[in-house]
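Just so it is clear, A, B, C and D label the chains in written order, and each chain counts residues from 1 on its own.
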Amino acid sequence: MIHFIILIIAIPLFSAFLLPLIGKLNEKLMKFWVGLTLLLTSFLSIFLYKLILEKGTLAYTLGARFPSLTAPQGFPIRIILIGDALSGFLALFFLFIVFLSFLFSLKILDGYHFLDPVRSQNALAEAQRKQALLEISKSLTRKTSNGVDKFYTLYLLLLVGILGFLFTADFFTLFVFYEINSIATTGLIAFFRNKECFKSAFHYLAVFAVGSLFLLFGVGLLYSEYGFLNMAIIAKNIQFSFLDKVALSFIASALILKAGIFPFYFWKPEAYNASPVPAVILSIVSSLSALYVLFRISFDVFGLNIIFGQILILFSLLSIFAGVFLALRENNLKRILSYLAISELGYVVLGVSSGFLMSNTESGFKAIEGGLFHMVNDILDVGLLFLIAGIILYISRVRNAFEIRGFARKHPILAGFFLFGVLAISGLPPLNGFASKMMIYESVFHLSPVLTIIAILGSILVLAVLVKIFASIFLGAPSEENRDYQVIPKVVIAIVSIFIILMFSIGLFPKQFVTSFVNPAAKALISQQNYINSVIH
Amino acid sequence: MISFIFLVTILLIVIGTSGAMFKRNLIKIVMSVNIVGAGVNLFLIALGYRSGGVAPIFTNAPSLNMVSPTPQALILTSIVINLAVTALLLSLAVLIYKEKEK
Amino acid sequence: MSKIVKIVSLITLNPIIIFGLYIISHGHLTPGGGFQGGVIVASIAILILVVFENDINLSKNLFSLFESLGLIFFITLAFLGTFKNTFFYNFLANKFWFLGKTIHFGINQGFLNSGGVIPLMNLAVGIEVASALSLIAVLIMSKKKYD
Amino acid sequence: MVNFKKIKIISLVFFSTFLVLTISFLHPFGKPQAVEMDNYFIKNAQVQTGSNNVVSSIVFDYRGLDTLGESTVLFTAVMGISLILMKKKYEQNS
């Protein structure tokens, strides 16, 4: 079925349109509906990936007589979606992660009813707690009233934005999906509705409104030059004149803003700190999809440009360092993790862009593979740490990482999970971070040994930051002030263990993973001609 | 050769960007974002203009020399998106103001 | 507000609605379309909210329902093309029956019975935009917050 | 302490000169050069879609997904507004 590629975008969209109506009826039905949608979309993505592996790159023309009618007059006139091995693989993987984070959100957001001040142990608090329980039992049987239905609507819409990023081959559609991403993320940031949330949501949206308009300006420049909006035909006609460079700089800066690496990372800690953890996972996925589009545009559409590749390498090194050094002076757990997320994205950019500088060599291909492989590991590692941070906040309600003490005594399992996350993110064997970082180190060495040294140094600093936090949160005697407000739900532990199992299995069998998933993806990314030929025969 | 209309669009974009960078007032930031949006929309619509062209609508059209329709379709989308962003920004601004009052 | 304002605004209510519907329904023939007409229709909600401040209670749920219905109508029209051709295929154009009058190239006076799914999509988007903007106005301008 | 205002002013000056340089490279106003796609639309849109309004046929037929996305943006904004204007507030727990 060739329609899979549009159904994977249209089905979550349809479901999101229906969700406010279902949410009015019943909360449980609504959650079931969201889960069903995510499951269906995940299955579609599996079939789509299989189809892509069988038939090669797929192009789907929206509104044409038949889907493969891409260029009736020798040039495309309609919107075209392209699915190749890279975007199909990323969609498959992202949907899996999103489904896990959805399961996580079910439990975590349920707990947010229990918001009575149980800090004092008197009878009044107990009565309030009972009142809250009663309220829940009412709300479960009747309609939703706490905004969870709106949360899940925005959740699905953000997913649509991410999938649109992955499959679109049209510059203006890219702009539209960019806006869907920004607005849905703004809503998710403001979910808890306190002053901090509103402020960071306002800053986020103001920055991204200007950023998306810059993207549109760049698209307009390309349109004035070539008269088309399709990426493939622009890639075919590209001349790299001055206007093209300006357009590339505008589009790339908007995408770097969305990805949140070096020059424009300032929104990240604020936004991640304010939004609930399941939304943070989705936000990381959205950043990664923006990076995918950045690679796609800068290397497939605009072709190889040495200076741009060097600028990207510079940015990646600076983001590795900026992330770590800014994390050193923070004390809020989620802010620290968001700075580390910036530095992890730096490795992805370092791998892929240095791979393109060494194109047509073996180490260059390996660097691209390493970068794309690190995309997978980034979301697993950073996602795991964020999930654990969410659990810690859920049970202790303390945001300052240095105020929590002695968690290992009370929750040894949590300490173990966190330790796995620390080892994986800092690239120690035998976990997944080691596999991809090793590939990046080895291959980047052929471009310049300095890059490898800097990258290893960054990893060591990440380890230093995280060991400090681990010692402060988990070690030592538990203090009297930190009381548990919740027990850890079993489902949450199961989800985190799925993450751990995935990380272990990738870390133990990296070769198999790379040859079966990452290798076709990297081949799809480097062949510009293949991308053009899928539209213009 | 620099056309006057493109210069105007650049002026609007620069004014909007500087407003978004320097102003602290939330409403003024929203206005700046809108000014940038107006500049970019004007830029796009100016790209599609052909001298002496009429609107690309065949109903009782005065002539068949028509301006490029694609930019018009694009800014139609872009304007509505700007509207949505403005609405969300304004309601956030109202909420921040109310939180400050308390 | 004063009685004069209320009465005058009630008088202007009908022409505004009719003008908005005209813009929506002639979207495929004249300048205009779903968005523009929807905005004009939504201006009624703002007029009512400004003029009848506390006397009238506009239902948020109704607007929300219509917004979702408009969007579902829109995406269903897009889905219907998928069965035989592709997503967003204009399956009604040039089919001689409902909205399918064949148009030849050139200047003409405009036929309402043409355009395929475009008038239907205009209608769907018109419903969606009108109710969405009304809902935004109601949410921001209503005195008391809702639960 | 670094003077952020000066940096901002300098970058803004750079930005505006860059933009002025950019528009000097554009095709002159009123004479777009790359018009293949637009000419195709003007020539064929009326016959293919049966709609006299070429812009309307682009918005709903040739570039339908953009319009769907645009409606989605409006829907998303409404969802966001109705979420943040809710009265009930809870402590942040994750």
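Things to note:
We adopt the following convention: a contact is a pair of C-beta atoms (placed from the backbone, for glycine too) under 8 Å apart; a residue touches a chain by one contact, two chains touch by 3 or more.
Given the structure is predicted, the values throughout are model-derived calculations rather than measurements.
For chain B, the chain with the farthest CA centroid is A. Between the chain pairs A-D and A-B, more C-beta pairs are in contact across A-D. Put simply, the C-alpha centre of chain A and that of chain D have 23 angstrom between them.
Mean C-alpha positions place chain A and chain B at a centre distance of 30 Å.
Distance between chain C and chain D, defined via averaged C-alpha coordinates, is recorded as 22 Å.
Here the spacing of chain A and chain C, counted between their Cα centres, is 36 Å.
Shared contact sites, meaning residues of chain A that touch two or more other chains, fall at 13, 17, 20, 62-63, 145, 172, 176, 179, 183, 186-187, 190, 194, 198, 201, 224, 229. Of all residues in chain D, those touching 2 or more other chains are 26, 32, 35, 37-38, 41, 46, 52-53, 55, 59, 61, 63-70, 72-77, 80-82, 84-86, 88, listed in ascending order. Among the residues of chain C, those touching two or more other chains are numbered 29-31, 33, 64, 71, 75, 78, 87-88, 90, 106, 108, 110, 129, 136, 139-140, 147.
Across the interface of their complex, chain A is touched by residues 18, 22, 25-27, 32-38, 40-41, 61-66, 68-70, 72-73, 75-77, 79-80, 82-84, 86, 88-94 of chain D.
Residues of chain B touching chain C in their complex: 55, 57-61, 64, 76, 80, 87, 90-91, 94. Partner chain A is touched in their complex by these residues of chain C: 61, 64-65, 68, 71-72, 75, 78-79, 81-82, 85-90, 147. The residues of chain C lying in touch with chain D in their complex are 27-31, 33, 60, 64, 67, 71, 74-75, 78, 87-88, 90, 93-94, 99-106, 108, 110, 114-118, 121-122, 125, 128-129, 132, 135-136, 139-140, 145-147.
If you check the complex, the residues on chain A that touch chain C are 3, 6-7, 10, 13-14, 17-18, 20-21, 24, 60-67, 145.
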